[in-house]
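Each structure below is given as C-alpha cells.
Okay, so chain A shows up in both of these, paired with chain B first and chain C after.
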Partner chain A sequence: MGTTLDVLNHEMVPDHQIMGEEEVADLLATYHITLEQLPKIYHDDPAVKTIGGEVGNVIRIIRDSRTAGRAEAYRLVVKRPKK
Partner chain B sequence: MTSPKRVGRIEFGLFSPKEIRKMSVRKIIWADTYDDDGFPYPQGLMDLNLGVIDPGLRCKTCDQKAADCPGHFGHIELAKPVIHVGYTRLIRKLLRVTCRSCSRLLMTAEEVEKIVGHEDSELAGEIVSEKDIKKERVCPHCGEQQLKINFEKPTTFSEVFVEDGRKVEHKLTPADIRARLERIPDEDLRALGVNPDVARPEWTILTVLPVPPVTMRPSIILENGQRSEDDLTHKLVDIIRINQRFKENQDAGAPQLIIEDLWELLQYHVTTYLDNEVAGCPPARHRSGRPLKTLSQRLKGKEGRFRGSLSGKRVNFSARTVISPDPNLSIGEVGIPLAIANEMTLPIRVTQFNIEEMRQYVLNGPERPTIRSPCGANYAIRPDNRRMRLSEANLETVAEMIEPGWTVERQLKGNDIVLFNRQPSLHRMSIMAHRVVVMDGKTFRLNPAVCPPYNADFDGDEMNLHIPQTEEARAEAEILVSVSSNILSPRTGGPIIGGIHDHISGIFLLTHTVRHFSKDEVLYLTQHLDVEHLPEPDRIDENGNPLWTNKQVFSLVLPDNLNMVFKASSCQNCETCRRGMCENDAFIRIVNGNLISGTIDKKGIGAFDGQILHRIIRQHGMKRAARFIDDVTKLSIRGIMLEGFSFGIDDEDLTKTEYGQIDEVLDGAISDVDRRIKIYNEGQLEPMPGRTLEETLEMQIMQVLGKARDRTGEIAGRHLGMDNSAVVMAVSGARGSMLNLTQMAGCLGQQSVRGERIMRGYEDRTLPHFRRNERGAEAHGFITNSYKSGLSPTEFFFHAIGGREGLVDTAVRTSQSGYLQRRMINALQDLKVAYDGTVRTTGGRIIQFRYGEDGTDPGRSSYGAPVDVKGIIESVLKEEVK
Partner chain C sequence: MNSDMEQRIDSLDLPYRTREDLKVSLADQDVTEEQFEQILEMVFSEYQKSRIEPCEAVGVVAAQSIGEPGTQMTMRTFHYAGVAEINVTLGLPRLIEIMDARREPSTPTMAVHLLDDWAFNRDRAREVSWQIEAAPLHEFGDITIDMENMQVLVMLNKAVCDRRKISIDEILEAGPRKMREKRHFRDFDVEGDPKRAALTFTPKNRESYQNLFQLAEHVRHVIVQGIDDIERVVVRKEGGEYILYTEGSNLKDVFEVEGVDTSRTRSNNISEIADVLGIEAGRNAIIQEALSTLNEQGIGVDVRHIMLVADMMCMEGEVKQIGRHGIAGEKESVLSRAAFEVTVNHLLDAAIANEVDELNGVTENVIVGQPIQLGTGDVKLIAKPINLKI
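Let's turn to the complex of A and B:
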C-alpha cells in the first residue's frame, strides 16, 4: 500500500494525548481512584499507536460533546487479550 | 453479627474420587427407598445418614431434627468408569492434543513456548488450543503415529485407523480414556489451561458418583397416602439398579457383549441424571411420559435456580387484578377494590401516642363491610414476635392486651401510599407510587392520563400493586417514585403523562374558535374543578344574561401568571403565519393565565408533547402540574359531554360529486400507469440514474398511484369538515390521521410488501385473475375501493398480503427488542452516578467522568437543556420569541 493514513487527521478521531506522570497522579487524586479503575483502551488502538502510547500510559481524549460542548475522558492503555 | 468478609478469590475445580468418598457419609448399595413400614432402608437411597425429611426422625450423622439437618452426601461405587457429559468437549480436546501412547502434549517444548510465552515473562497466560496441533502427526516425544479421534454425541469416542484402505473405527471405553488422561503430565495440562492441582482431567471420568442428600430430593406424600419420589431419586434408583446388575454380571464372568451393553446403559443413566436434555440422547421419562427434571434442568433457564430462584423471587404484600379507567380520580391516585384493601396490611408500631387509634383498628377487626367504614386490622404482633390472627372471637381480648411495643397489621385505607406496576417494566415509570382510594367493584381504577407511562389500556390489562412495609420505603416511594415526580420523562425531558384520546378531542372541541356559554353551561363544565369564582363575563346577551367565552372557561384551569405562545397540533404550517388571525385558530397565546387565542390540543396537553404542561412544571412545580392535569382531564371530559362525540358508518359518506371526482382521479392514474407501461414496452423509457429500466418504471408507478391516493384523500377531506368526528380526532391529534380517513372514505391505495408492489404469487402473475406479465395497477395490489365501499375479492387478497407483513414485522420486532433490552439492562443495572458526578460500577470503576458528559439529569431538564430560556423570556416579554 502506497499511501499511509494518519488517523489523527480523520475528522471523527478526537484528540488523543499521553498524560505525564504528575497529571496522572492529579487525575487519580481528584477522582479518588486507582489506575485500574480508569476506563481502558487497547495498546493496538490505531490512535494510541500513532501517538506512541504504551501499556500503562494514561491517554487523555478530548471530544466534542453534543451535551457539554467539550468532554474529556481518560483511558489506561492495556494489552489486548488474545481472542 | 460477624463482620463482613471480602471474597478474595473463587476457585473452580473438579471433585476427585477421593474427595467424593471423603465427603460421603454412607456408601449406597440398595436401589430401594422405604420398607413396608415406611422406614428408610439402611444403605438405601433414603438412608438416615443422608439427612432426614420426615418430622420426628433424627439424622444419624448430625443427630439433628428434620428442620435443622442440612443433609449429607453419600456415594455410589460405579462398577466401571463412565464419562461425565458436562466435560465431553474437554475430553475430546485432551484426547486430540495428547499422544495415544505416552500421553504427552503433541508439541515440542519450543513450540509450546512460542504460543504460551516464556515462563517468567509477565505476559504469560496464553493457552494451547486444538488448532495449534497438526492433524495425524507423529508424537515428538515417543514417535508414535497419531490417529484421528472421532467424537459422537453424547458420549462416544472412537479412534479411526486405516486398514487395507478402509477406515475402521475402534471404540474407546471410558476406562481407556481415563487411563490416557491419567498419564498427561501436569506441566502439559498447564499449557492447555487446566490447573492440575484442582482439576485432574481423569476426574471428568466418574468412578464414584456422589449421592445428593435427601433434603434436596424430598419425597412427597400424596393425598392417598402414597409416596411420590423426586425425579432425582428415580434416576438414582435406575443408576444403582444397573450398577448392581453390572457388578453381578462382571463377577459371574459374563460375555464381553453383555458387559458392553450394560456399560452403555449405565453411561446413559448417569448422563441423563446429570443432564436430561443432551443432544443425541433420548430424554429419560417418568412413567407418565413426562421427561424427568434432572440436575442440569434444575439450574438452567428462566425457571432454573439462577434466574428463577436467585435473581427473581415471589413477594408478599402484592395484589393483581384487571384495570379500568376513572377520570374522576387524580393522576396520583389508584382505586382499589375493598376485597383487596381488606386483605392487604401494613405494620404499625404501637406507641403511647397512637395506642388508642391502634386499639380501635383492632376492635374494628378483619372484616370491613363497606368502603366508607373505618379500616380494621388483620394481625397483631406481640413484643416477642408472636403473630396473632384477629378474628371476631379474640378482638376484644387483643384490644385490651395491646400496649407500646406491639405491632398492629392494619388494613389498607385511603391515602396510603402503594407502588403500582404494569409489565413489561421497560422503564422506571413502569412502577410509580399512587395514593389509595378504596372503591367498590373488583378492578384497579386509574386516571386514563397515566396510561402512557405504563403503556396501559383497558382491553383486559392487569396490573400489580405492592405495599411498602416500612416508613423508609413509604418516604422513598413518595419522594422518588410518586406519579407527580415522574411527569417528566428522563428520556426526553418532556412530559410523558398527559391527556389522551377523548381528553384531547374534548379540549379541542371546547376551545376551538370563540363560542359563548351561558352560566348554566359554564357551571356544568366546571362543576368538578375547584373554582371558587367565575371571571367577569365576556358580554351580556339581549336578555341580560351573562355569557362567558370558551377560552375564559379553559383559562380557569391555568395558573394566573402563565405566559406562552406556541402553535397547535392543528397548525397547517402555512408559508406566512397569520398568528392571532389564524383561520384554523391554531396560534395559541396565553397572557397572564388567560387564553387569548388558539385551540388547545395535543401540543398543549397531550401525553408526549404537552407544552402547557411542561411550562407549568418548569415554572410552578410538579404539584401544580399534577393539579393542572387533573383539572384539564375533568374539564375536557365535560367539554366532550356537552355536545357528545360519536362516529358511525355514515360519517364516511361523501356526495355524488366527490365520488365522481375520486373515480376521475383514479381512472386518470390507472391510465397514466398504462401509458407509462406502454412507453416502457416500446423501449422509450429513460432510466433514472443508478436504476434499471424495470426499477424506474416501478418507481414511477408507485409515485403516480401514491399521488392518486393522496388526491382522493384531499377530495374526501374537503367534504368532511370540522363537524366530522374523525376529522376532529385527526386534526387535534387525539387519534388517527388524515391517511386513515383517506382509506375509509377515499381509496385504500397501493398494498406493498417490503416497500414494493406485490409481485409474488403464481407464474408471472399475482393471481389467476390477471394475464401473465401484466404490469397494470390492479394486477399488483392497487386498491381503488375504500373501507366504506368495500373491497373486491382480488383487492381483499392483496390487502391481506400487505397486512400480514405488518403483523410479522411487529412480532419479530417485539421479541428482538425485548432480548436487546434484557441484555442492555443486565449490562447497565449496577451503574450509578456517584456524588462526584461520575458514573461508576459497584467496584468503583469509572464508566463516565461526568454523567452524560454535562452532568444534567434529563428528567429535571427542559428537553435536555439545563435552563428553559425560551420559557423565561416568554414569561417576561409575554410574546413569542424566535
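Let's turn to the complex of A and C:
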C-alpha cells in the first residue's frame, strides 16, 4: 500500500532517545528527584516502540519549544495499566 | 565576535533560542573582551529576572489566564465556522472539548497532505480522495427491488467504476463482505456476476417484504470504497499544493492510503493522535488546538499557560482530562478532591476506606486554616535563641 508510517518522521512527534544509566543518574541528581517522580510514557507508545524502549528506561525528548526554541523533557517508560 | 566567544555563549545556562539570538545579534559586531563580558552579564541577569520565582503558584495563574478570556468567548461564541465548506466546532465548546479530553470531538476533521507526486496535480489529488472518501454502493450503479422474485438487484455502472478507479471484482467482493462485517447484517445470500457487472441479493426469509426492504436499505448504504469514518472529502489548493480536508477522522487508515504524506497529515482528534503517534504528539496537538481555538476568537493567551495544562494532561502517559475523572479526581488529598466536585461522595468514600489526609497541598490547608506552602509560606525559618537566658 502507501508510504510506510514512521512515527518519528511526523512533524508533531519530537525526537525520542533512550538515555544511558549514567545520564539518568546525573539527571536525578541535578533535580534531586527519584525515578518515580518523572513523567511517564507507556511501553506501547508508538514512539517508544519505534526506538525500542523497554519498561524502566528513561526517554529523553527533545521538543521544539515555542518559548525556548529547544527544550529537553524526560519520561520514564512504564507498563500500560490494565483497564 | 570570534569562535571562542561563540563557544562561551553555548556553554551558558540559557535557553537555546536566547543563545541563538545573542549569537545572531553579535555576529557582525566588533566587541572587545570587556564589552562581551558585560553583555553576557546583562543578558544573564535579564534572563534570571524573567524566570518564574520558586514557589510561585503557576497553576492558579494559568487557570486565571485561560479562564478570564474564556468568559469573553461565551459572549460571542460561534458554534460553527466554515473552513473549506466543512463545519468545525470552534470557540468555547471546542475549548471545553479539548480540556475534557473527549475520545471523539463533535466534528472530527483531518487535513490530509499529499506526497509530491500527488500534491501538484488536481486529478491525482482527486484519485487519493476517492481512496479516502466513504462511498456507498448506490453511487456505483442502479439498485432495484424485484418484488416478484424477492430479490435485490444491483447493476454496476462500468463508467463510474472506471472513473473512480475501482474494479468491478473489488466491488462484488467488498459489498457483501462489508455488509457482514461493518453493518452486522447476515440474513442474506448473494450471487455476483462479473460479466454482467451485477449483484443479486436474496434474503434468507423469503416470506417477508419488510425483510426485503431492510435488505435493500443495507445494500444501498454499504460502503464499498474508501474509509468508513470519513464521510466527505474536499480538495483545496493551498500555497500551490492540493490538500484534502475531510469530515470524519481516521488517522490509522488514512496513513495506509497511497499518496498520503505520513509526516504532515493531521487530525483534530487529540486522543486519536495520542494513540497513533504517541503521547508527545498528543501533547503537541493539545497545545496547537487550544491555541488556535483561542487565537481564532482573537484572544491572546500566553502559550506557557497552555503548555502547562498540556503537560499536566499528558503526565501519566495518556491524555487525561482536567476534571473529576482526570487530574482533579486523582489528587492525593481527600479534602482537595472534595473541594472540587461531588463533595459528599468523596468524603463518604474516604471515611469508608479509612483514608488519611497528610495536609501537604494548598487547598486542604486553606480548608483547615493553616498557612499554605506557596511563596513565602513554603520557606521555613527557625529562630536560633542566642541571647536568651532563662
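Quick note on the criterion: the second predicted complex is superposed on the first by the 79 of 83 C-alpha atoms of A that agree within 3 Å, B and C clash if a C-alpha of one lies under 4 Å from a C-alpha of the other, contacts with A are read in each partner's own complex, and residues count from 1 in each chain.
We adopt the following convention: a contact is a pair of C-beta atoms (placed from the backbone, for glycine too) under 8 Å apart; a residue touches a chain by one contact, two chains touch by 3 or more.
Bear in mind that the values here come from a model prediction, so they are computed numbers and not experimental data.
K.L.:
May I ask you to name which of chain B and chain C touches more residues of chain A?
P.N.:
With both complexes superposed on chain A, more residues of chain A are touched by C.
K.L.:
After the superposition on A, what does A:Ala68 contact: first (chain B), second (chain C), both or neither?
P.N.:
both
K.L.:
Taking the superposition as given, does A:Tyr31 touch the first partner, chain B, the second, chain C, both, or neither?
P.N.:
A:Tyr31 contacts chain B only, not chain C.
K.L.:
Quick one: is A:Pro39 in contact with chain B, with chain C, with both, or with neither? Answer first, second, both or neither.
P.N.:
both
K.L.:
Of all the chain A residues, which ones make contact with chain B and with chain C?
P.N.:
39, 65, 67-68, 71
K.L.:
Which residues of chain A touch chain B in their complex?
P.N.:
Residues 31-33, 36-39, 65, 67-68, 71-74, 79, 82 of chain A touch chain B in their complex.
K.L.:
Flag every residue of chain C that touches chain A in the complex, lowest number first.
P.N.:
So the residues of chain C touching chain A come out as 15-18, 20, 115, 255-264, 266, 273, 275-281, 284-285, 287-288, 303-304, 307, 311, 314-318.
K.L.:
For chain B, which residues count as touching chain A in their complex?
P.N.:
That would be residues 123, 126, 836, 838, 840, 843-847, 849-850, 852-856, 864 of chain B.
K.L.:
Touching residues of chain A toward chain C in the complex: what are they?
P.N.:
1-7, 9-14, 16, 39-42, 45-48, 61, 63, 65-71, 75, 78, 80
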